[in-house]
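Common to both upcoming complexes is subunit A, partnered first by subunit B, then by subunit C.
Take a look at the complex of A and B:
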């Protein structure tokens, strides 16, 4: 009986694992097949990988999308980490009067649904279009700015700063470092793992972000990867092999980070919010 | 000990007059550290929220807006598309979130067994869907569930169906497709929260209950679930907030169709603002429905979870 139950558990977990992995296997296999084979349900690797890549990079704006997504994700990650960690550190280290009340108010912003602020944000950026160069609708800056400051990362860094030995701050002051000097030369180097976990999440959120870029980026030369995939997928006569190739390329960075730094990745994910 | 250190690093606790100067300066520095974040969140969250509230009382096309009192809010009740979007979103919420949480709990309990082999493989496999972007997996699911997609081919092969199902163009099946997709993407994510919480449960509780003759079901309902309650509450709140805002999947799997059978509130807001002739005022009104729902549902979940204690 016990043994039977054991076998049942293994069968159940194997099916669950197969269901979880299957779409990945399918997209990797389909990347090497031509469109017709993909629709006919071919599950064996083919020899069309090179053709699919050629179409994707020659006749679709894949290079532009990759460049845009990379620029946006890198700048977003840098600014998110900088602003988030400065604030998390500031809230934890200093006895600024009223800081906890401010902190709680900032946390409330995590409950704000993006759909509710999307229209005013769009109108705000529309308002500066034409007056401030590189900041209006359909600019990379507009795609980046509203996403870099989130209460989640302030919370994340404040939580992790609780583990930071505060004696080091005093030691830094005695050594004559400025307050910012302590932050950059003492705090930052000792908190590398926290920064790594935060960087993974910030990069992934930005790399995969869809709704805001969809709203604010309109011209083809500003397209990001999720926008490109969505457009390819919505076409009337989609080339499945090419779309699957684009999806694999889009998934590659996050999948690689996951397999290389699984622990940081999972830690970061657990601290991050859905949606 | 830690309190003493806290005090040492707290500038304005210094009592001598001499420290008042640098103390003030350090406080001021504390403000500088949080300044960017406070300004940013004010500018990109709270200010737009306020603007959306004002907008929700205005109506008109594009930027020709006029104050219209409660007209938009009254319109909600007689707008069939809004009612469809609200109903669909609630169906997703009431079916998908419980199914996912139960599945995730189940996986985590099975995987928490120390004697289980290939644990690392199973855990990684079930978590793997989390690495995909929402758009990418949505497009994949759209093809998997197409009329000549692999799901139909598989079901036909097993003779479970005699002809292909119209997964994406049948109102009920389309909802099932969306629910299956979200469950695939997020179950592993919830599972890791439960797995890490399970590691903190004292083993001796299980051993004691075994001696008392408790079955594994009893152990699950009387030890595991109560011990995991805070984390179940946490994950159900994030899932609720996430599901109320669902957009990417709907847009890319069904585009809201057939008819409005899978339309979500967020997608309706998007359509009102950017697909139809722009009606920003009414769209803002619809968006405040999500805000109100998030607040109410979070309060209910806290209340329900708090009652038993």
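Take a look at the complex of A and C:
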């Protein structure tokens, strides 16, 4: 009986994993087929991989887009982690009057959809265009800055900081560390898994971010990967084989980041739930 | 100790703030002094946004080549929906920073931009003669007697059909010429019975075919003023609804849910006809194995007086934004798309794009036969039909009204009476557009 139950579980899991992996499989198979075959749902690998790659790299500037996306994603991840963890740490460790009220207001900001603040943001960046170098419409900085401070990451770090042994802060103070010293030399090393989990989320968010970069980045030199893929499907007769090839290439970095940090990611997420 | 830390960090914050303010001021002075690089003053480059590298972007490239004057011209490719989001954000923010000099906008959306952002566009009456263009293109591209858009491609419709399937069912080109939608449905039944193939592929959420039908009778979802909702009591729309239901009930419709499925429907040989704007030709030709199996007849018309076998689907026009560089941009458009007949021949030959500049239609390139379509002089046929397209004012709410109609269409298909469906749609649209 128990064995039978086990078999049932395995069958269920196999189906579930097949369902979740199928889009990836189809994407990879489609990368090797020509457009007409892709639209007809051909499931067998074809011989068009090389041609799709050639067309892709000839027709659009894939390398520039990859470089831009990488720069934006790395800087965004770094700043998000730095700011989010400093704020989350501060909210949890220090006693400030009204701190919980401020935190609640901060959480409320998660309710505001990005589309609502997009136009004011655009206006702000339009205002500094041409005044402050490297900041303004159509600069990478404009794509990065509005995304680095999010209530979500402050919340995420505060939750995880609840697991952090407060005695360590006291110990640091007694040993003569400055407050920042405690943060960087005591807190940060002990919270590695939290940072890893946050890094994956921040990196993926930034890598896949579409709406804001679309609006604020104009010139092809500043294009990111999602914008490039959207353009590939723009024509009246899109080449789906080429689009699939671009999507596979665009998926690789996030997949890589995830696999490298997978173990930490799971631990980090568990941590935030326990808290 | 703690107090000291706080002081120190406050000092640090203050220093940082000063630094930022100083940096802002100093760079301000710098750019003020140099002047030349300031984008507000003198744009060296004219930028243009368009969406299809094989179509409108290719057309802009040919225009640039044929333009005598030496300008720096940069074409930026963006998906059409992306252009809409970017323009809406940029224009409603009030700063014109980052906006292009020239932008391509689909005709059915144009009025919403022209009316929502009245000062954002630059009238180009001084650079072109609007009468040189097909009449039906002028209403959507102008506002208050000022011409804002330079009419580009026509979305003239045709009935693309598989000659082999139709022949099998006993129909020839002649039987498909100048027919009504009712006759089309009859033919569809026969084709479906004899060949087992579906007649047409439709997306239930996209009522494009309805728009094709009603424009052939010179009507739209709104009255001529572009704002009064015209659904209840709109005879062509009523007929179009009936035709749509008849097609669904005849059971020869292959449903699709997105563009790729739509293309797949005819590339795979599953459907016998594609009534569509002429731009679908490129996608049909993409399936090389079907060369010689296709032909194009005039689009069917509604069975009523005043309806013609010509309509429009899609089609877009170029607009100049009211920012520095506008004269340069308008002049570029005027000298190329606005008057160069040779350029239009090249456009047909190299890109297969059919413009709406009427003096060009006598050119040689327009007469050439297309082998994929059994040697038919496709461009020549299309440009004859262009002349018959009834002119309608699309107004600014086409797509929001269509969302309402799509829902009511489903109710109608499920058995709601047509009168009720149209009356309800009218009420909803009026309430929403107030």
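The criterion applied here is as follows: the second predicted complex is superposed on the first by the 232 of 275 C-alpha atoms of A that agree within 3 Å, B and C clash if a C-alpha of one lies under 4 Å from a C-alpha of the other, contacts with A are read in each partner's own complex, and residues count from 1 in each chain.
Quick note on the criterion: a residue touches a chain if its C-beta (ideal position, glycine included) is under 8 Å from a C-beta of that chain, and two chains touch if they have at least 3 such contacts.
A quick note: this is a predicted structure, and the numbers were derived from the prediction, not measured.
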Mind working out whether A:24 is in touch with subunit B, subunit C, both or neither, as first, second, both or neither? first
Discussion item. For A:59 in the superposed arrangement: first (subunit B), second (subunit C), both or neither?
Written reply: second
Query: Looking at the overlay, what does A:220 touch: subunit B (first), subunit C (second), both, or neither?
result: second
Check: Looking at the overlay, does A:129 come into contact with subunit B only (first), subunit C only (second), both, or neither?
Finding: second
(request) Have a look at where A:137 lands relative to subunit B and subunit C in the superposition and call it first, second, both or neither. (result) second
Q.
Which partner chains sit in contact with A:231 here, subunit B, subunit C, both or neither? Use first/second/both/neither.
A. second
When the two structures are overlaid on chain A, which partner does A:106 contact: first (subunit B), second (subunit C), both, or neither?
first
Review point. Between subunit B (first) and subunit C (second), which, if any, makes contact with A:35: first, second, both or neither?
Key: second
- First (subunit B), second (subunit C), both or neither touched by A:145: first
Larger residue footprint on subunit A, choosing between subunit B and subunit C, goes to B
Footprint intersection on subunit A (subunit B / subunit C) at 38-41, 118-120, 122-123, 179-180, 211, 214-215, 230, 233-234, 240
The subunit A residues in contact with subunit C across the complex are 35-36, 38-41, 59, 118-120, 122-123, 125-127, 129-133, 136-138, 173, 178-180, 211, 214-216, 218-220, 227, 230-231, 233-238, 240
The answer for subunit A against subunit B in the complex is residues 9, 12-14, 16-17, 19-21, 23-24, 26-27, 38-41, 83-84, 86-87, 89-91, 93-97, 99, 102, 106, 109, 111-124, 145-146, 148-151, 154, 166-167, 169-170, 179-180, 183, 207-208, 210-211, 214-215, 225-226, 229-230, 232-234, 240, 243, 247, 250-251, 254-255, 258, 262, 266, 269-270, 273-275
Subunit C contacts subunit A in the complex at 1-2, 5, 9, 23-24, 27-28, 31, 38-40, 47, 51-55, 74, 76-80, 82, 85-86, 89-90, 92-98, 100, 259-261, 263-264, 267-268, 279-280, 282-283, 286-287
Per the touch rule above, subunit B residues touching subunit A in the complex are 5-6, 8-13, 26-27, 29-34, 36-38, 40-41, 44-49, 51-52, 55, 63, 107, 110-111, 113, 116, 118, 121-122, 124-144, 146, 148-150, 153, 184, 186, 188-189, 192-193, 196, 238-239, 241-242, 244-245, 247-248, 251-252, 255, 265-266, 269-270, 273-274, 280, 283-284, 287-288, 290-291, 294-295, 298
